[in-house]
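Take a look at these structures.
One chain, chain A, links the two complexes that follow: it is found with chain B in the first and with chain C in the second.
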Partner chain A sequence: MIRYARLYLHFLRFAFSKAMEFRADFFFRVVMDIIIYIVHFLFFSIIYLHTPILGGWSIDEMKIFIATFIFIDAFHMTFFANNTWWFPIYINRGDLDYYLTKPVSSFFFMAFKEFAANSLLNLILAIGLLSYMISNHPVALDLSKILVFILLIINGSFLFFMTYFIFLIPVFWTHSPRGFGDVFYSAEKIFQRPDGIFQGFAKKVFLYFLPFSMMASYPTRYLVSPTDNSLLLEILAASCFIYFVVYLLWKKGLRNYSSASS
Partner chain B sequence: MGSVKSLYNRNYIKKHALDDFSLHIEAGEIIGLIGSNGAGKTTLTKILSGIIHPTSGHVSVMGFNPWDRKNEYRRNMSVIMGQKAQLWWDLPAMDGYLLLKEIYQIPAKEFYTSIDYLAEYLDVKDQLNIQVRRLSLGERMKVELIAALLHKPKVIFLDEPTIGLDLSAQKAVRSFIKEYRKENKPTIILTSHYMDDIEELCPRICILRSGRKVYDGGLKELHIQYADSKVITASLATESDFSQLINTFPSALGEITGADCQIKIQTPRDKTMEAARYLLNQTQITDFNIKEDEVGTIIEKILSREGHQ
Partner chain C sequence: MSSKSNKNWLGQVFLMELRNLIAYRADFWVNFFGQTFFSLVVAYFLWASVFEYSGQTTINGFTIQKMIFYYLMVPLIFRIQQGHGIGFLSKEIYDGNLNKFLLYPINVYSYKLMTYLATSSFYLLQLFLILLIYNLFFYDPQIYSFSLYNLIRFSFVIVLVSISFFYLYSITELLAFWFDNIWSLGVILRFTSSFLGGALIPLTFFPTSAQTILQYTPFPYLIDFPMQTLQGTLSTESFLSNALIATGWLLVFRFISTLIWKQGQYKYTGIGI
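Here is the complex of A and B:
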């Protein structure tokens, strides 16, 4: 574990060295993302002009939910997005070769090699926004629940990445430029919707099969509703399931890896 | 129309990248893999290094099944691909080395001693802190070599290490590999299209054609077994000697060509001495040489033989 942490420190150092060459990009990303965040809040504010409750949540609870999915998005952009972008290219170009010959987990390299230093300000901004929404919530929130909530949203970020990865791994077989990544991008907006708006079959799918509702919605529900530990169990079960599926697919994918001609 | 049809009706051709192939390499040996493009050399290297899985067969390297990808195996081998870089393009080579130090858990003292020795030998000490993308192709290959050797691998897969390099860089890389091998005694599996690499580095070669082995043995034996002729070159003293020899040289001793008092005789192997004697007795010679057929020519001959096994 310590060895991997030290390797990650190298990735961070590399990322910052590279980012210093493109300083303007830092500020461009911040401005762009602030606009996107404002659009998210406006979208739900307009809906709340017509109804006091949406998916069982008041506008104050919804604000925490919005800040939560903004955090997960920023977390993904900072830690994972560049890696998911490069992954199909590495596979199709045969660049995975080197990572397979090193005495470390090749998945670790594929998942964490590229840290987006230029997105870090956005993540800090998202943390600030979430902290503000939690501290200004009309009902005082229990500190122990806040701590569990922090763990849940970090898990939600990993869950988001892993679910995305499930759509990318088929590139081992299809050799397409993006795997089924575009399908994921069409579906991922669901994690920005409260789980309460889904009913029946769709609700079950987004909880247990493609666990978008487990990423931001369930952690928010855990935080703002009366304590319900069954939510934690559901999140744990869904997370274990997704992580196991990724593990199996990765193993299968590597077995099918054909590299590229020299 | 053809591409639309291929959506629902596709003809598949099954092609084995390697077939009916076996190879045993002793520890500390250096072997050259030779073959045309698509012969299976890189596939073999990738199977041996655990990058890809063979569909069938058995492989053991240092007692490991390569595609189990055990860390113990990967810690003791290295792959260098002339056409691919392992160092990070936008960063200095030294940063990449520090990452490798962590990956292979190389003690600091050993790490810096290796860097000093390797960089000194390859004459790239001043290039280690320059971004890799700013280095010349030759310098890039040298810093890549250092990256691959830092952990002192016991088995090294060298796939086209001199590809695209100018002559002096090729020479430097070759002499480094030679020297490194002498001091560290790793097993080296070298793939190259450059015959100079093979001749200078590999006492043993394995020639592949369409995924099958067509020759496995010493370079010297290759000449004995396959070179059916030798080449005599000579400079004659006078123009009259030259024209006389061109007109009277017995065709049974070989084929003579030449110009400006320089002659070249392609003579059957068993007639070489007779041809040389004839030449020395009949003319005045200022320079004289007998050479084996070039390795590249012999290999070309072997590869072009249909159905040879």
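Here is the complex of A and C:
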């Protein structure tokens, strides 16, 4: 464990020195994320001009939800996004060899090597935004629930990454440039919508099979609704399922990996 | 270079790009149908919920069926305009690959525009395919009015706005001459144009004051205008005035882009990173 922590510190050091090379990009990223945050809020503000409730939530609850998915997105951008970007390239160029020959988990290398230091400021902004929304919620929220909520949204960030990875992992077989990443970009909008709007079979799929609703919506529901511990069990079960699926797919993918450039 | 050979190389570039696009066919179709499916599912549940809670069957002229058609077509229209998407010029500058284009006896802009339009054309064919399926199984004149005349007008508009978007995109892309990595600027442009153009929410849902202000920006002419043309909701006068304004924006973007290109070349070292 200590070995992995030390290795991660090295990743961080490299990431910061790399980020310093592109200072303008550092600034542009902050501007980009602020604009994206504003657009998300405007989007739901316009929706609420035409309905008082959406997915069972008022505008105040929705603000916490928006800040939650913004946090998860910022977390993903900072810790995982660059790795998911490089993953198909590693497979197609045969660069995965480099990770397979290291005396550490190849998945750890693949998932964590590229830390986006230029997105760190955005993550801090997102944390500030979420804290503001929680502290300004009209109903005082229980501190213990807030602590559990923090754990849930960190888990939500990992779930987001793992689900994205499921869309990318077919690259082991297809050798295409982006796998099914484009499908994920359309599907990820599910995670930016409250689970309450989904009905029937689709609701079940988005909770347990492609658990987009478990990432931001369920944690928000846990925080703003009367205590319901069954939500925690559902999140735990869905998370274990996805982590297990990724583990199996990774093992299977590695068996199919030929190392040859494509 | 004679004009005939000039036409030849543009055609070759166009065809070569089309071949590249279908190199990974399975992926291509899975991505295409997957994107369409998820966009539609998300839009359906969101708006079904809005209609249900508001207790209305029509909001701002949209029924839920009209809304589904809107969200079926708008992502496709937006994808057509996106062409190559972010990086079609900035990556060449960043990597130093622009050298080859500067040495070839061809115009870089023409080359890039041709590859951009090849991608757009391919997505346009996808839109026609989806439209055909829709017309065969779900067509309802209450939702949209199909006619060959509208389809021809739409094809003209979509080419016009795709070229416009190419020049608009190239403005941010060419800033790579100064800032190297400009990916974020491309994302800003894509995100704001999708929101302010009506790809996320139809513009009639925006407050009236916002709609008025937006008329003075290029964004409604990029997405809302082609969508209204496809739906057949524009009178001939409105169509012509919108087309004229869209052309005006195209010329503005082209002018700015050319200006930046001329300035940027002096900054270009050709080394790459």
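Convention: the second predicted complex is superposed on the first by the 260 of 262 C-alpha atoms of A that agree within 3 Å, B and C clash if a C-alpha of one lies under 4 Å from a C-alpha of the other, contacts with A are read in each partner's own complex, and residues count from 1 in each chain.
Simple rule for what comes next: a contact is a pair of C-beta atoms (placed from the backbone, for glycine too) under 8 Å apart; a residue touches a chain by one contact, two chains touch by 3 or more.
Given the structure is predicted, the values throughout are model-derived calculations rather than measurements.
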For this session: With the two complexes overlaid on their shared chain, look at chain A and say whether chain B and chain C clash or fit.
Result: fit
For this session: Name the contact category of A:Arg13: first (chain B only), second (chain C only), both, or neither.
Result: first
Exercise. Does the superposition put A:Asp182 against chain B (first), chain C (second), both, or neither?
Worked result: second
Problem set entry | First (chain B), second (chain C), both or neither touched by A:Leu49 | second
For this session: Determine, for the superposed model, which of the two partners chain B and chain C contacts more residues of chain A.
Result: C
For this session: May I ask you to decide whether A:Asp97 touches chain B, chain C, both, or neither, giving the answer as first, second, both or neither?
Result: first
Exercise. In the superposed arrangement, does A:Gly196 touch chain B (first), chain C (second), both or neither?
Worked result: second
Exercise. Between the C-alpha centres of chain B and chain C, what angle is found at the C-alpha centre of chain A, to the nearest 10 degrees?
Worked result: 90
For this session: Please work out how little space separates the C-alpha atoms of chain B and chain C at their nearest point after superposition, in whole Å.
Result: 8
Exercise. What residues on chain B touch chain A, complex-wise?
Worked result: 42, 46, 49-53, 69, 71-72, 74-75, 77-79, 81-84, 86, 88, 90-91, 95, 98-99, 102-105, 159-160
Exercise. Along chain C, where are the residues that touch chain A in the complex?
Worked result: 24, 26-27, 30-31, 34-39, 41-42, 45-46, 48-50, 53-54, 59-60, 75, 178-185, 187-188, 191-192, 195, 200-201, 205-207
For this session: Over in the complex, which chain A residues touch chain C? Could you list them?
Result: 22, 24-25, 28-29, 31-32, 35-36, 39, 42-43, 46-47, 49-55, 174, 176-180, 182-183, 185-187, 189-190, 193, 196-199, 202
Exercise. Contact residues on chain A for chain B in the complex?
Worked result: 3, 6-7, 10, 13-14, 17-18, 21, 94-95, 97-98, 100-104, 255, 257-259, 261-262
